[in-house]
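Following this line, the structures themselves.
Each of the two complexes below includes subunit A, the first together with subunit B, the second together with subunit C.
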Partner chain A sequence: MLTLNIITELRTIFRNYWLAAITLILITICLYAGWNGQNHVNRHEDSIVAALEEMQSADELMAARLDSIDQGLEIGLPTWQYPNSPTATGDGAPRVAAFPPGNLALISTGQSDMFNHYVKPTLTGDSFSIGFTELSSPVSLLMGNFDPAFVLVYLLPLIIISFCYNILSSEKEHGSLVLVASSPLSVRHWLLQKIAVRFVVLILILTICLLLMLMMNGVMINTDALLMILMVWLYAAFWFAMAYFINLRGKSSARNAITLLGLWVALVLAIPSLISQSASTFYPVPSRALLVNEMRNIQAELDKQQNEILDDYLRNHPELITRDADESTAYGWWQRFFASKDLVSERMAPLLANYDQSLKKQQHWVNQLSFLSPAIVFRNSLDHMAETSTAHYDNYRQSVMTFADEWRDFFLPMVFQDKLFTKDMIAELPAFDMERSGLKSPVSTNATILLVMVAGLMLASLVMNRVGETEHLMQG
Partner chain B sequence: MLRLLTKKELQEILRSGQLRIAGMIVMVLTIIAILVSASYYQSIQQQHEEASHNERNVWESQDDKNPHSAAHYGTYAFKPKYPLSLIDQGVDKFVGISIFLEAHKRNEAQYMAAADQTGLARFGELTPDFILLFIIPLLIILMGHDSFTREKETGTLKLMKSQGVSLRLVAFAKWLGVFIPITVLTLCVFLVAGVLLGTLGNFGELSWSGLLIMMLVYVGYYAIFTCISLIASSLSKTSGIALVSLLAFWIISCLAIPKAATNIAELEHPYPTKQAFDEAIALDKSQGLDGHDPWSKAAKRLEEETLKAYKVSSLEELPFNYDGYRMQKGEEHEAEIYFKHYHKLKDVHNAQTGIYRKLTSLSPYLPVRFLSMSLAHTDYGTHWHFSDAAENYRIELQKNLNNNFADNSTYGNWAYKADKSLWADIPEFSYSPPELQDVVKQNSLNFAALSGWLIIAFAGLFLSTKRL
Partner chain C sequence: MLHTENLTKEYDGQRALDKLNLSVESGDIYCLLGANGAGKSTTINLFLNFIQPTEGKAIIDLMDVSKEPLKTKEVIAYIPENLNLYGELTGLENLEYFVGLSGKKYTNEHLSDYLKEAGLQNSAHRQRVKGYSKGMRQKVGIAIALAKRAKALLLDEPTSGLDPKASNEFSELLVKLSNQGVATLMATHDLFRAKETGTHIGIMKSGVLVEQFGTEDINHSDLEKLYLAHMN
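On to the complex of A and B.
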């Protein structure tokens, strides 16, 4: 009976225009979304490559200039820009601290359109004031991208709904359910088999589409890629299980469609936006406008202290402190400059920590409530696997801050000990390395949540109207 | 007859338990969204006023100092909020809230709110515009999808035909049956928002005409969705098919096309990266006059030209402090560079806007989205307007300070300190957004697109009922 049912269902599916339509739709949107995602990734990659190439040529020029200075030749630069000055090199030859896109970056744009992918921390710049936001059009940020994550999170459930909303109801409406009911197989099992067949068929098509999309864009098919596909299966399984549950209620096709679409609106649109809104309402980030005030007050206070020791002109025109000037004054000035910067950073640290704390609390709140919507859980996993999540950019920011300190620590002894920067030191310049150990993968937890959701729905379907089920389904 | 038919349609809709629940949910969500937004904007506005006031205090409490030092010390311009932003938040959370105005440099607005939120915020937030743009059209679809299919399924359509009832009249009554409750709901939302905005103290002056135009835009948007729902219902065999096809239309026009438009715009007219943009400016600056570099070729040329113009042989003989003069000339040169690069950026923005405008023919959501944001002063155009106003203020500020330095000290006298009264004499930055008539004029193409959609939707309804 099982085999017969499966064969019949397969025949129904293959003879129906839905299969061809779904295959065509899935291939088109997956490939288009993948192409969009890859274009986005290419732009990021290209900008990093260009920055690294530029840094390399700048290093070569710096080496040549240092040689010329050693030989007592003119290099055509004002003396304060001489590369043998640690302050000039610390500011003028920064390293590219890049966050290259991951292997699966194309699947989800995540936060990658909002934050930049390389920065160049300098010696005199404040690490806390490094700008991490990209120069993007806010309209683009508002509208979002047509990337694979959009296809999978938003469109895939709709395709599943349109594929499954009327499996039982259409049989009832056509009068063929009576025949099924007269067979030895229970309607519940008959429906489960039909849904399972559709699930396998759709998953097969979807997997082929995804693999095709990944391979066409040169993505390496590794464990992460397979894990991503597994998450897609689980998310699809949730919507199939939901369709099974709703079909089992025995209502009309129109009623099923309304209920399933209502659930889609609630789970994919309303609940995520409600949770997001509640996160910013319950854990608001302190005012950035007032932070500006605090920063200015600290600056003004220190400025007044500095006035006692520093000359106005020298403070605002450090470039005029040349080797030709009185070196003890010049280096004394730099020392006080860095000392006052340390003081600003020290005073700003607790204020800035408030922002990180609020964001962490928001994230914690979101994580705690993510079980309310499979879309949140699934999107969170996609962003993580694509390395475009908030956590990834936060991690990048922290790594850059650490690197900025490292960069400063490299040059400061030279400033304080009045030493010159030499050609040999180019090779010793600190290189940026992104620390990833703090990134905890939420994928296994998310997969468990999705599994529990699927199991919960199947259990609910099992429990629902167990007694007198056929009569109930026949009557609706 | 029309009255009778409309009354019947309205009664059916109001008696439907499903629709009553859906309507109630939308009402509750709207009230929550308005209240949350009102409290959010009130606190933002308060913070903005406080920050602007404090910043001015910081600026005015500077001691006697060299004016160019004050120029480096700089000040901040904070972007104000406007009343209608309560209804449409637009791109506000994706643009910075303040611009640092300092010597030699045009800065971008800093601290976008979205950067201080979790990635979930990119799903959207429960704001009034989210409900007006996405949820109410869904409610219309829910109300209208089975208008004709129900009659087909129960066989009453044939009955009506046999009785010689004009199907156009029936269609119009059905249209009114969906449109009237939605218009009442929209009126309520705008009325509540209007009353709230009128009573909230620090929300600025509310433009009632702006609110009215915005409401009409949304009512037009809903008229389109009502027509499309009825067209789909008249063309479909079953309610299920009508619902699924309408949802496909909704997702394509409200989500897929805007997102695809972003990708097309970014592909055709990409924004430069922040670093590339800054580096291009730095390169241009390095090739021109730098006020701080008296040894560059450009500085030497300026020196020669100035000596020649004033017919003197040394800088000391000039009737002003040449250091201040050079600073100002450098500032003017740098302002030109910024103007050039920001102008290029604006060209990219305009080209991207052109892509969105072209696609308004495929989605009624796009013209409404842009119109609503513009009327609320939360669109990208207003942000550009603010950013340009802040830049003009910066240029004036630098001019004031450099001129004071040049006019009141002698060449080489960097020890000159202006009296602190100078800081208070410099006018405070104030900003007014574009006037309503300008906003309407700038959005004429969006109005045309919306009108086009209205005409096509009604024509479609007219033709589809003919086929019934």
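On to the complex of A and C.
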């Protein structure tokens, strides 16, 4: 029966305008979303390339100026901006700490809209408040971006619903179900075979569309790309299993459509919003503006105690003591500045820890409740594979903060020991390297959650109304 | 071949079929007459296991339908009032599919032969069914019964809406199947066709089988009088 059912279902599907329409819709939206996602990635890459080019030009100019200074020539700058001054170079020739887009970045914009793709930590800047700006577009906030993730998370279930909502009810309403039900077979198994054929057909079309979209945008088809496609299959399988379950209730096509659309609203829109809202309610994150304000207050308070602070600081860092430094020299000013900067950082540490902790608690809360919505689980996986997840940007922020400290530690001894920056040191300047090894992939866990959801729905479908199955299906 | 023992069906306390006892042997064409709601379709649906009996049994080929629904369906064929096949498939493909669901497999030539035997002209075999008339679709139904080699045929008002010629052709096919030993239970409103085609007639009223007799024991006029008497 299986082969016959497959052949007949394929004949029916291929002779129906629906398949052509769905194929056309899928190709159009996948390619457009891919193009859109790639545009976003290109802007991201372009901004990093421009920053790196600017840094290279600045380095060349700095080297030339250092040469001129060595030769005793005038460079046309006030002395405090001379590149041999560690404070001038530490602030004026920062490295680009970039977060380049990953191979699959185009599939999900994720958090990449909300954060900078590169920052330039400076010697005197505040490493903990490095410019991670908030999302500025309310339209994007409302709708999200039309990227492949949007197509897959939001639109794909609607396409599956339109493809399968009436797979049994239409047979009942058309009258062909009575002929099927008068045959020696289980209608439940017969329907399962029909829906499985549709699943394979849709998955095949979707996979071709996705591969086409990836290849057209120059994405390497590696294990991650194949894993992404596998996750798409699982997410699609969930919606097919849901359609199977709803069809087996034996209700009318209209009722099936309304029920499935209601479930789509609940699982894709309402539950994720409620979880997100509850995360902000239960674990509120302190405002960034408040953090900056607090930092200024601490700074102002410490400015009043400069001498005491420097004494304490040098007591703790005897290696940085220099005989010539006092209030009357520029170095003396800088020493006081950095000494108080350290103290600000210390005082700010609990506030920042609280900020980070709240973010982590929010993330934990969302992760814990993600099993309530396949859309969250799937979206989370796509963001991770696209390297645009919150975890990726948090990891990037941590890497930047570590690098900012490294940058400061490179220049600080020169400031305190009254040493000059030389041309040879350009090659020794710390370079930013993003640490990715600490990131734990949620994909396998998410795949398991989706598998359990699919298995649960299938199990429920196979045991539901077993007694009087045909009567139930025929009468509704 | 087809038997019922005190077969009863209630819907929300309302009795649609009341202790029905009937027997259709191989080669019989048993016509069930009665007004709408008399219990004719309920009887057929109980034989098909589309509904569960409240009491009693429907038996096909000595098997209780409720206990062995799939096995009993192996030996029956069903033609409803409106035989709705898959419009996007041809007559041949529909026949291949519905016969295949019963586990039988034939070559296209054999399937064509069955369609021919059922009276469907050759040119229609490879046409999509959405262009078929009702009579043509009913013939595919007969072809399904022929190809399934069904021992029993359940028909629910199969000639309703057919023109007299198509109705007559359909009756001839039923007689042919009857001669091959197929037991037929047909619910119908067509008194003339029942008398001409059937071997037995049963009249149902409010779920009760109020009369049953052989068609040779009654003429057209008396049948009509008897039927109308029960309808009043």
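By our rule, the second predicted complex is superposed on the first by the 436 of 476 C-alpha atoms of A that agree within 3 Å, B and C clash if a C-alpha of one lies under 4 Å from a C-alpha of the other, contacts with A are read in each partner's own complex, and residues count from 1 in each chain.
One rule holds for everything that comes next: a residue touches a chain if its C-beta (ideal position, glycine included) is under 8 Å from a C-beta of that chain, and two chains touch if they have at least 3 such contacts.
Given the structure is predicted, the values throughout are model-derived calculations rather than measurements.
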Let me test your reading of the model: by the given contact rule, A:Thr390 touches which partner, first (subunit B), second (subunit C), both or neither? first
Would you check which partner chain A:Asn297 touches, where first means subunit B only, second means subunit C only, and both and neither mean what they say? first
Just subunit B (first), just subunit C (second), both, or neither: which does A:Val285 touch? first
According to the stated criteria, A:Asn16 is in contact with first (subunit B), second (subunit C), both, or neither; which is it? second
For A:Leu4 in the superposed arrangement: first (subunit B), second (subunit C), both or neither? second
Looking at the overlay, what does A:Ser441 touch: subunit B (first), subunit C (second), both, or neither? neither
I'd like to know which partner A:Gln56 touches here: subunit B for first, subunit C for second, both or neither. neither
Should A:Asn36 be classified as contacting the first partner (subunit B), the second (subunit C), both, or neither? first
Which partner does A:Leu185 contact after superposing on A: first (subunit B), second (subunit C), both, neither? second
See if subunit A has more residues touched by subunit B or by subunit C, and give me that chain. B
Complex contact set, residues of subunit C against subunit A: 48-52, 69-71, 73-74, 76-78, 80, 82-86, 88-89, 93, 96-98, 100-103, 128, 144, 154
Within the complex, which stretch of subunit B touches subunit A? 18, 22, 29, 36, 40, 43-44, 47-48, 50-51, 54-55, 58, 61-63, 65-66, 68-69, 72-73, 76, 78, 90-91, 94-98, 108, 110-127, 130, 134-135, 138, 142, 146, 149, 238-240, 243-244, 247-248, 251, 255-256, 258-263, 265-267, 270-277, 292-293, 295-296, 345, 348-349, 352-353, 356, 380, 383, 414-415, 417
Hey, which residues of subunit A end up touching subunit B in the complex? 32, 36, 39-40, 43, 47, 50-51, 78, 110-111, 114-120, 131-146, 150, 154-155, 158, 161-162, 165-166, 253-254, 256-258, 261-262, 265, 269-270, 272-277, 279-281, 284-285, 287-293, 296-297, 299-300, 303-304, 307, 312-313, 315-317, 319-320, 355, 358-359, 362-363, 366, 375-376, 379-380, 383, 389-390
Subunit A residues within the subunit C interface of the complex: 1, 4, 8, 11-12, 15-16, 174-176, 178-186, 190, 468, 470-471, 474-475
